[in-house]
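Look for chain A in each of the two complexes below; its partner is chain B in the first and chain C in the second.
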Partner chain A sequence: MSLAAQKRSLWAETWRRFRKNKLAVVGMCIIIALFVIAITTIVIDLVTDKAFYNDHVIKQNLRLRLQGPSKDHIFGLDEFGRDIFLRMLWAVRYSLFMGVFAILFSVIIGSIFGAIAGYYGKVTDNVIMRFMDILLAIPSMLLATAIVAALGTSLVNVLIAIAISYVPTFARTVRASVLTVKDQEYIEAAKALGASDFRIIFKYILPNSMAPLIVQATLGVAGAILSIAGLSFLGLGIQPPTPEWGSMLSSARSYIRDGWHLTVIPGLGIMITILALNVMGDGLRDALDPRLKN
Partner chain B sequence: MWKYIVKRLLLMIPILLGVTFIVFFIMNLTPGDPAAIILGDQASAEALAAKRIELGLDKPLIVRYFTYIWDMLHGDLGLSYKNQLSVWDQVIDKFPNTAILAIAGILVALVIGIPVGIISAKKQYTVLDNTSMILSLVGVSMPNFWLGLLLSLLFALKLGWLPSQGMGTGFVALLRSLILPALTLGTGSAATVVRMTRSSMLEVIRQDYISTARAKGISEKQVTKRHMLKNAMIPIVTAVGLQFGQLLGGAMLTETVFSWPGLGRLMVDSINSKDIPMVMGATIFLAIMFSLVNLIVDLVYSFIDPRIRSQYSKAGFKSRRIKV
Partner chain C sequence: MKKHLVFFLILIVIGSFAFAGGSSERSSSSEGGYKDTIIFAQGADVTSFDPHVGKETPAVAVTNHIYDTLVDVNQETGEIIPQIAQSWEQIDDTTYRFHIREGLKFHNGEDLTAEDVKFSLDRAIASPSISYIVDFIDTVTVDDDYTVTVTTDAPYAPALRNLAVPFAAIVPMDYVSANPDILKTAPVGSGPYKFVSWSQNDSVKLEAYDEYYAGEPKTKNLVMKVIPEAAQRTIALETGEVDIAYDLLRSDARRVSEARDLTLYEIPSLSCYYITFNMNKAPFDNKLVRQALSMAIDRQLLVDTVNGGSGEVANALVAPAVFGYYNPGDYEYNPEKAKQLLKEAGYPNGFSCTLWVNNNQERVEMCQAIQEMFREIGIDCRVEVLEFGAFISRTTAGEHDMGYFGWVTSTKDADYTYYSLEHSSQQGAAGNRSFTNDAKVDELVEIGRTSSDQDARLEAYKELAIYLKDLSNNAPIIYTTLNAGASNKVEGFEPDPIGYHKLENVQVRN
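The block that comes next holds the complex of A and B.
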């Protein structure tokens, strides 16, 4: 039997276990639904050349401002008379894609650092991991805020800020799993066959780190979305009038007396997304490593 | 034991130097000329050049860094761009307010987290356990600034029981103004502590020595307290220590929601007014506090667990910090 077939069966096995966890499956469905919403709104923007976005998502209608939920506007209208339901939908892309991209970025950087540190050991390991220790010694939200404060508030800077603050987590995860496999015989065999370090790391070592990495990344996306919302709430993230959950909450703060829906709804959006990612991450962890489950 | 403490303290020095350097480096990436920010647009070229020399901007980054550290050790973090006041004085002035809030937050986390976690573990898979697990999942997933807004919506605006803005003076007023921010800051941590306590207790609960203790006829209360909790304490202390650090960093959001006059809000205001020395000073100060809390947590371990104590006297320092 080939190695590939065995590998597939591991994932099939994981999926079989994951499916049994109803909560985790619900979480996954919510995340898939959010992706569908995000992509649909992007397609709508592309097809209508942002006409729909301009007319319905950011166009102000002060006559109807702060109106509560009704049949026409199920989530009500905000302080500028914009439909909150539509703004919620258009905001999905920022939270979701920025969270995913930021974590993807830190997974890549973190894995490279972690793999090099674990594989080469000694001085290399010490230098890289002590640097990671230093980054970890700054609370992630504080680090992200400092970076945005220095570089200025733009989508890219927020992304960089969040990504950097998560690099050490992934470097540690990958390093730990590299250390567990690097002395195995198949690595020795690969070396004996003359495989380069690069090939050994990417072909034989990193695939073995996938399980903990996937779990960490899922939970990391949840953390990243919270940080993005937090930065936007402080006015350091995505700027109005662009709809984003954190900045919607930030502007709702001034109208907290005038309409509860302004405050409640964007927060619910954030919470449901994070909740879905958390239960999915927990489910993945249990499915990938059943021994951990108590 | 003392050898271990001294060793840990010495190991702090490179970490702190690293932390301050990273923050210093990041802050120096800020576009724009500090001299122009201080003197305004109308300043002449000569005045700008003079100001730059006065600020030491003509020197290389690394020299400026060590000057900064040297000054910091002497209680000088430079002058604020905005009002030319000492950054150090303002940071020291605001920090106690943040500390009060963080301590109150951690108290909320402990008072809710540990008992609920214990009950949850002892009654595993009952309705009680499931409810507390779902609630803690919701607690972990809730952005704390949103919780803050909801709490002030309910308790300050609708019911009018508690103030939602600012920090009260006098003991009773302070306490009243502290309740909502502390709940806001502490709930997320409480949820983490519940989960940690539960899983840590579950690991201990099935050990043979628990059966032995029960067989000896020790009351269930004593078994829980002395045999289970004491052994389950290490991961709980880790979680609490980490949460405390996160609270110092996360206080920014809570302080903004409740207009709490702390370091976090000072930082946010300074970012908005591009007051770099202020942002840098506050960030470095908070990062140092976070490292100190981590150090204290590491030291507390060795007091509560004799195994770690003996391990350290033999094997030396091992890092156990985990990011959550």
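The block that comes next holds the complex of A and C.
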């Protein structure tokens, strides 16, 4: 009972401090707006049974290709005469949800490995963490590219590739916080009361190691979105004609001197999203940092 | 101490700028108001300087200045003209005798004799990369120092044209037999330019061969620069970094033609781009389905838009400039009729399939536009982009539904294309990736291949073109153009329809 009360006040306290950082709040608003857009487009697809998507998002109008921004098409038309504004909106879901899911997946796997390594120490710790070091030694983008190249290009494979490449980061973060938590008195108390290792790890250690993980995850989503865009740019991610920012950017590359809007708009989309996630992540880190408590 | 360091650093920076300026390729003018160096840019480096190995266009565009062939083809008339062979006669259906120019020397001073010709042709036949161009040859015999006789397995009408392809280059026997790999890095031929240096993935330098039989080339030095990004080649041309740039982006071509100090050269190429249907797979084994898909493609719209208005709608696998071309009538665009055909074929609701293409952006764009045209007749087609090696090996194995291919008729003779792409003996690697196995096609291809009567050949190719259009195993889409941009100061540049541009008669004004 008292634990629950304290939890609530911890989050309330964090929120109070987060709110003071105006930039971080703007970032959060942008992310929320993107979620709303993503969900709205999914709902539209479900309600119209993809008819709207087929008739407006992937429908080509070759005779009007490369047309600049106008009243009817505020972001202009792309190299196949498709409306860039609609394609930007429909692309949000891939970047955002795939980024979030990939990170969620690696947070879960990474936390389990990190917690086990940190809690048991010794040989277990060494085996797990050396394996993570090996994964970390390979640049994450290279690792993801290799995985997609090996498994073939599909949404799920891209997700798996990115998730795997982020696992070691989270495993390290969690292990570090577990190491600081596991010698606390309340853990000793739990042990003395005969709690199982499983209960101790998941009930007491992990919830108390959450703060750095949340920050890391927010920043990780930004990295994952960039990776998805990067893979798509290389032709390994989401396949045409499905709209995705990275592939939009890639296919617009050769028209950079003919239609500025083709590259600038998806580029801005990626930039704003990443920036929003980063400022939000920074805000969260400051808000969750106990040393900055006031 | 710190001051000294700063001063030193500044010195380094200034020094490096000065050095960068000094390393520029431009050298001073030569007599007559012409530059002594032509710099041209292309998208890829030479794969191998060995003419019997490096068959890719960027390689040949350089090596064809170093090596000569027995005979050549006149660009305008299409006639066979002498090169290393001064004259020749056809003794019977399967025997040709060549008389070699006397007094020819390779760049290293070796005399070019009949022995070198025999050695070179035998070497070409033994080379897996290019043997297909010379494997019609049965034996090459040396009659005397300046006479060779070539006999073929069977009558082969395009023989002389094949011998004019740069892969049939003549190389020095003593030099090459001493070290079979030497041509890869230190090429020696008898062509208008000598090899000077190669810095991999950057540039190649050539120098005029002053003893060339047809007279010394007009410009002393030739420099090839590798600039992989196509947009970057246009920029290099605009800034004057290069004199000639090959293979510009379609969107940049307009920019070059509009620029006051630049000239765009654009000629019909010998390439045809086409969709191959894998006839070993359902539903592509059904002629109605193939015809329906072909009918769903608005070729004129593709030419006008995706291809930027350049090129022409294709109606056969060989381009109009090729010997043996016949126009069987343009392919109809009629989505309604296409749907009707699908219904007759038993697919009233369409089907799902894939279209494979290699990772070349212009090709991928074509496929995306075609994908949308297929969607309009109810076909759910996925475009899969493959790396070139995988694309070739997997389509060779017949794993594809449909593939988007390009084919250049390098010999300018229809046999080269029809035999490789349509004859049942050429399934898979050799080029027949529709896996066509049709007795009538084989018969017509063979008449075209072996008949020595040119009119009979033309008649066979005419009948073949009409038959293939109905068979629809391939759907020809577009004949592309080949372009190059050059500064207005460039004189005498004549683009080659295959991309093997020759620069020995080109000059650049100061």
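Here is the rule we use: the second predicted complex is superposed on the first by the 289 of 294 C-alpha atoms of A that agree within 3 Å, B and C clash if a C-alpha of one lies under 4 Å from a C-alpha of the other, contacts with A are read in each partner's own complex, and residues count from 1 in each chain.
Here is the rule we use: contacts are C-beta pairs under 8 Å (C-beta built on N, C-alpha and C of every residue); 3 or more make two chains touch, one makes a residue touch a chain.
Keep in mind it's a predicted model, so treat the numbers as computed, not measured.
Greater residue coverage of chain A by touch, when chain B is weighed against chain C, goes to B. After overlaying the two complexes on the shared chain, residue contacts for A:Y255 are found with chain C alone; chain B is out of touch. Once the two complexes are overlaid on the shared chain, A:R130 sits against chain B while remaining clear of chain C. When the shared chain is aligned, no partner comes close enough to touch A:S154: not chain B, not chain C. In the superposition on chain A, A:T40 makes contact with neither chain B nor chain C. Looking at the shared chain after the overlay, A:E79 reaches chain C, while chain B stays out of its contact range.
Contacts of A:G235 after superposition: both chain B and chain C are touched. Common to the chain B and chain C interfaces on chain A are residues 235, 253, 256-257.
If you check the complex, the residues on chain A that touch chain B are 130-131, 133-142, 145-152, 168-169, 172, 222, 226, 229-230, 233-236, 246, 249, 252-253, 256-257, 260, 263-264, 266-267, 270-271, 274-275, 278-279, 294. Within the complex formed with chain C, the residues of chain A that make contact are 54, 58-60, 62-63, 65, 79-81, 153, 235, 239-241, 251, 253-258.
For chain B in complex with chain A, the touching residues are 14-16, 18-19, 22-23, 26-31, 137-138, 140-143, 145-146, 149-150, 152-153, 157, 199, 202-203, 245-246, 248-250, 252-253, 256-257, 267-268, 271-272, 276, 279, 283, 286-287, 290-291, 294, 319, 321, 323. Touching chain A in their complex are the following residues of chain C: 230-231, 249, 251-252, 255, 301-302, 304-306, 359, 361, 364-365, 368-369, 371-372, 375, 382-385.
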